[in-house]
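A short write-up of the structure that comes next.
Every chain is named by a letter (A, B, C, D and E) in the order it is written, and numbering of its residues begins at 1.
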Amino acid sequence: MSLLTMSGVSAFYGPSQALFDVNLSVDQGEVVALMGRNGMGKSTTIKVICRLLQHRGGDVTLDGSNISGVPSYRVARMGVGLVPEGRRCFKDLTVYENLVAAARRGEWDFELVTELFPRLKERRDQAAGTLSGGEQQMLAIARALMTNPRLLLLDEATEGLAPVVRQEIWAAISNLKANAGLTILVVDKSLSELRQIADRGVILEKGRSVWTGQFDELTEELSDRYLGV
Amino acid sequence: MKRERYLNFALMALLLFVPLLAWLLDEPFLITLTTRAVIFAIAGVGLNLALGFGGLVSFGHAAFFGLGGYAMGILAHHAQTYTPLMEWPLVIEGTKSMLVVWPVAILTGALAALAIGALSLRTSGVYFIMITLAFGQMLFYFTISWSAYGGEDGLSIYVRNSFPGLNTMDPIQYFAICYGLLLLVLFGVSRVSGSAFGLMLRAAKQNEERVQAVGQTPYRLYLIAFTISGAITGLAGALFADLNRFVSPTMLSWQVSGEIMVFVILGGVGRVYGPVAGAALFILLEHTLGGLSEYWHVYLGAILLGVVLFARGGLYGLLAGREVAHD
Amino acid sequence: EGLKVGMITTLSGGGAGLGIDVRDGFMLAVEQSGRDDIEVVIEDDQRKPDVAVQLADKMIQSEKVDVLTGIIWSNLAMAVVPATVAQGKFYLSPNAGPSALAGKGCNKNYFNVAWQNDNLHEAAGAYANSADLKNSFILAPNYPAGKDALTGYKRFYEGDLAGEIYTKLGQTDYASEIAQIRASGADSIYFFLPGGMGISFLKQYADSGVNLPVVGPAFSFDQGILQAVGAAALGVKNTSQWSKDIDNATNAAFVESFAAKYGRLPSLYASQGFDTANLLISAMGSADVADQDAFRAALQAADFDSTRGDFAFGPNNHPIQDIYVREVVQEGDVFTNKIVSVGLEDHGDAYASDCKM
Amino acid sequence: MTDPVLDVQGVTKAFGGLVASKNIDLDLRQGEIHALIGPNGAGKSTLVQQVTGGLTPDSGRIVFDGHDVGAMSTAKRAQFGMARTFQISSLAMEYTVLQNAMLGALGRKGKVLSFFKNVMRELDLRSAAELALEQVGLSDFQSVRTADLSHGQRRQLEVAVALTLSPKAFLMDEPMAGMGADGSRSLIRILDALRDRAPILLIEHDMDAVFALADRVSVLVYGEIIATGSVHEIRANPDVRRAYLGEEVG
Amino acid sequence: MSWILLVEQTLNGLQFGVMLFLMAAGLTLIFGVMGLINLAHGSLYMVGAFAAAAVAGATGSFGLALAASLTAAALAGVVIETTVIRRLYDRDHLDQVLATFALILIFSEGTRWLFGSFPLFLDRPEFLAGTVSLPFGIEYSKYRLSLIGVGLAVAAGLFWMIAKTRIGIQIRAGENDREMIGALGVDISKLYTLVFALGAALAGLAGALIGAIQSVQVGMGEPVLILAFVVIVIGGIGSIQGALVGAILVGVTDTLGSFLLPKVFSLFLAPAAATSVGSSLASMAIYILMAGVLLVRPKGLFGGA
């Protein structure tokens, strides 16, 4: 059964329309990659799902219930965890406080997330604003995990991370999927890395979902046309 | 953009039309009231340069307004009592000529703003709001106890200062002077806003780091803007004192700083003509509501609240739409 | 012929109580006169000098009033009165009496129906002598009226000063001053702290354990304020040109009708408003305002029944009147004042000799 | 060989107990792209901050174009011809894309104290700005408000502003971050051509870009430069592979 | 001048400072934590005082009066937060200034409408009347001494809440990025309503406690508001410790300034001139203090780097 579906969704920033008729579904336990060039609406789609942006047309359902008009904190409590574009750590709070602020009951706690990112443990009492770019990125991922989500939204979660760390994160994500049954919607720029972890892909072009399918169906012609690779 | 231009035109035409009509109908008070709005508009346009374009929320602009007023008051006081202002090292006489009073008021405002700004700009944000308030309050208390010039009672000037070829005691002629100055100030400010300095200043408001990275020092930009702003507000102060033929410490009180700020916000922060609309609306409200009930402040409050909540970007935001970048 | 009065007074904000009392007293007299040829235009000055000036312009230019009145505060009066009389209008002051307008700056069209600012303080100085107070500690806010107050007190007071303090205008905490009073060895206190400042001072003084006789002008012991001070004011001596127990028929009728109409006891400000209106009405009875000289003479004659009993104008158009010493007492639930003696009899002011009209 | 444009000599910087730069020597020569890579938190941005003036080194010297700039303000260094891009976009968000580009052109000319002339009509500045926007592929967005741009578009603008400064050297902190594949590719082309105008100190985690562009690569780990060399040498260096690149890459 | 008097004056300064802290605490909480400039804080102070005076007048109980002040101010806080303030969080400070300035007008005249134009009566409870004897023969008002106690207790409680509790952390997170903390599942608007109500209740409490020894009248909040802003800016916005230290600094400077400055000037000026110059300077003292502090530490004493 689909955990998340979007059908015919349109969304606006003020008067300008950013999404037109976006269709997308993510099944329980699945990893879906959302792809497209810069400015095509990937982040907007993510924002609509966690209600940082209210869509205008179409339906968004989570676990079978329609979430139009539901405030973002409710959606988060329904089990949606967000790693936003640009990290958005709470810069004046310490690493520890950043994590505590988000914590909700479940398997993930301070010990477990810092096992995944030992660097964060070292920097426990440093203000998040003074962390290095990559450290902040780790913090953003850890913070999302602290909410113990069922559906994890990763918007360019590996931006600015060193290649080794990226690999660790992809490995951890595969692990989460396999062991914890976590459902993941991921935006990332490296097609080759997405191929390795995602079950399916969705391509956005100028605010429309233009392709959905398995990665082996993603022909070179398609990826050249829509992704520029 | 176009809409904004029409709006500017309509606003200025209205400000001209009302007193002319009042003049024909022999309603001198209406002329005086409009003059008051025009003078407050000048003060607001001055503040807007710092606040709207530089993001410098000054809660102490009444100081420059009041100093401009006192510059005029003191000069005229000495002239009307025939006592020199200063005898050593050189003799300075008072004067009742606007052409001398204005530059003195402008210079006083500018120098005060330069000094206060140089110190205050070490801080930013809310701290800047409060430190400018502090300097304003210092000057306020100073004038209250400045017994040489009347202390809290202030100074009365029996007739307005003179302007060559005009009878300044005639309301419509004095209005014409103030209106002319407003036009001049607006012209100047709109040029500055579109200039290289204006572009950089407004960039500093949005992102200081960016401005530094292109080789500019925000502090210097701010200080220049603040000084010009103080100068304009000082001029407004001199005009205001002349309008009332009276200057007192009230002109330097924090409530006046607040009011000038209200004109700017009400009209639309960072819009060249915004403060004009704000001052006009505020004076209109003050005047019409005052008759309604003893508790008219409640209505005034409710209307102001309505504007903030429902008209983002003030009157200009409401009527001319979101600010469009100049191109 | 009718007469148009412009009243500019403080009706909103912190100091509104005084303006409302003056207005109510004034309008009561107008109503009781039964005349329908007096038109009163009332405007709120918000206690801002520039607004007062604007309103005066409006009243004179647009409303074309014959007489202006109503201003409560000296600094507003200083802003409005000179220009008003310069334009040939009459101004009757129901409250403020700055010295500048009593001496050199006096004007034949300016009449003060309340007091010259120093009067009540002078009477307090005289009272201190008669009560055998020899070492007063005196304090007032640091602004012109405060300085005038202490000067007025010292003009008549003959004893020594244990201390003299100027406090911040609008100050609310007086612990520091009270400590200085305690340490000074004073035998009495004289203070001029109008409005909320006086309330705060008295409450804090009552709680400080210092127990010296306190004297003040009526402004801090007025009917509108006493209830807020409560028992802390009991026994305090204060000086006033009016009191609700001044024994004459006009006053008794005024107190009764004011209380009946507005549901509260009148204050001295109300009495001043009432007297101002009656003075005006008396002048209307004998002259037409269009004939300025005749009307002025009629005002000068002060031929009306004042709530204060005897009332006359001195050469500078300021009152010559008795100033009483009152004591704060409790009558049932209500705190009020009772006359204990006359502080100064037929008292004029110190500036009259400077006035050349 | 001419003197290096930028010469960092023995720079050290500590935050409390953490030494983020340990006695670093690094230079940038005319005509080259010098890539600085290293794990997260190694001290790369900290170093750039010290070079551009955001942070003051505890010790060491920074020589730029023959001047010791170690004690100068950021603005002063920029006037000397040092252009940087930020790791997290730092733009005037209310301005249009063109206005942002104008800032660079204007800053470069230093004609800021002009109060009456309309800047947007200063054609030399304007064409410099338009050219830079064209180079990064933002020509069509000139009059879009910067706040309305997507993340990747802002990164492109960030580079464009640096271009308008026509500086003596570029310091770029992760310019590729957040750019899509085609965006990265075109940026690689731009940078490739740019090195002849001014050398570039490039911090980047995108190894495809680094390997395609860099003349020299330095590797920073825990505040220390552990290796400097050609792309080939660095790829082969086992320490670098372990500390940074990971197994699969290369 | 005796040393005892100087000690007593310092104590007075301290006590005045603590009184200011009561008012400043709520302001710094709202200002620092929610990033909101609330000029109407003085109005909440006034609401507290009027509610207390009304209830004390009707029941004669000071305890009930205090409860009333807390409730009324908190309620007023909730009402304005939900109707006005919450629309202002993501606006810039200017809109907040204008909107809360409008609220002052409404509150002040509304109160005058309800209670009339004359000051109300509110007295300290009987059991706190009079003085206690302290060492060195200082007689000190019992009521003022208890104010110091209440102020310090409030300081400690607030400090703990903001720095240590999870709610405190979430509130501070909201200050950095309100939208994000919402997306992590925290109902930040409810939280903010609560904080605002708490800040309002503190202002109301201050109004009642201080109103008992000052005058309860319309407009009473404005002078204190300015002082409270001075206090929190000196201390560093958002810092409870800062507010406490700033309040005490302001209290002591003000008290000692008005006490000592005229004496200092009388050393080299004629008595009349000395009092006049000294008192004028004394009225400026705290503003000079504030400017001085900000010039040395542009973000206040406890305001971060």
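Quick note on the criterion: contacts are C-beta pairs under 8 Å (C-beta built on N, C-alpha and C of every residue); 3 or more make two chains touch, one makes a residue touch a chain.
Chain-to-protein mapping (UniProt): A = Amino acid/amide ABC transporter ATP-binding protein 2 (HAAT family); B = Amino acid/amide ABC transporter membrane protein 2 (HAAT family); D = Amino acid/amide ABC transporter ATP-binding protein 1 (HAAT family); E = Amino acid/amide ABC transporter membrane protein 1 (HAAT family).
None of these values were measured; they are calculated from a predicted model.
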Chains contacting each of subunit B and subunit E, listed by label: C
Shortest path length from subunit A to subunit E (each step joins two touching chains): 1
Between subunit A and subunit C, the fewest steps along chains that touch one another: 2
Subunit B and subunit D: spacing of chain centres that average the CA atoms, whole Å: 44
Subunit C and subunit E, separation of their C-alpha mean positions in angstrom: 34
Subunit D and subunit E, separation of their C-alpha mean positions in angstrom: 49
Computed distance of Cα centres, subunit C from subunit B, in Å: 36
Shared interface positions of subunit B, touching two or more other chains: 144-145, 147, 295-297
Residues within subunit C bordering two or more other chains: 12-13, 16, 20, 142, 147, 169
All pairs of touching chains, each written as two labels joined by a dash: A-D, A-E, B-C, B-D, B-E, C-E
In the complex with subunit C, residue positions of subunit B that touch it: 27-30, 32-33, 36, 144-145, 147, 150-154, 156, 158, 171, 240, 244-246, 248, 250-251, 290, 294-297
Touch list for subunit A against partner subunit E, complex: 50-52, 71-73, 76-77, 81-82, 84, 88, 90-93, 97-98, 100-102, 104, 143-144, 147
Subunit A residues within the subunit D interface of the complex: 13, 16, 36-40, 43, 85-86, 119, 130-135, 137-138, 156, 159-167, 189, 191, 227-229
Of all residues in subunit E, those that touch subunit C in their complex: 2, 4-5, 8-9, 12-13, 15-16, 19, 108-109, 112, 117-121, 123-124, 129-131, 139, 141, 143-144, 210, 212-220, 223-224, 255, 258-259, 262, 271, 275-276, 279-280, 282-283
Subunit B partner contacts - residues on subunit D that touch it in the complex: 52-53, 73-76, 78-79, 83-84, 86, 90-96, 98-100, 102-104, 106-108, 110-120, 122, 143, 145, 161, 165
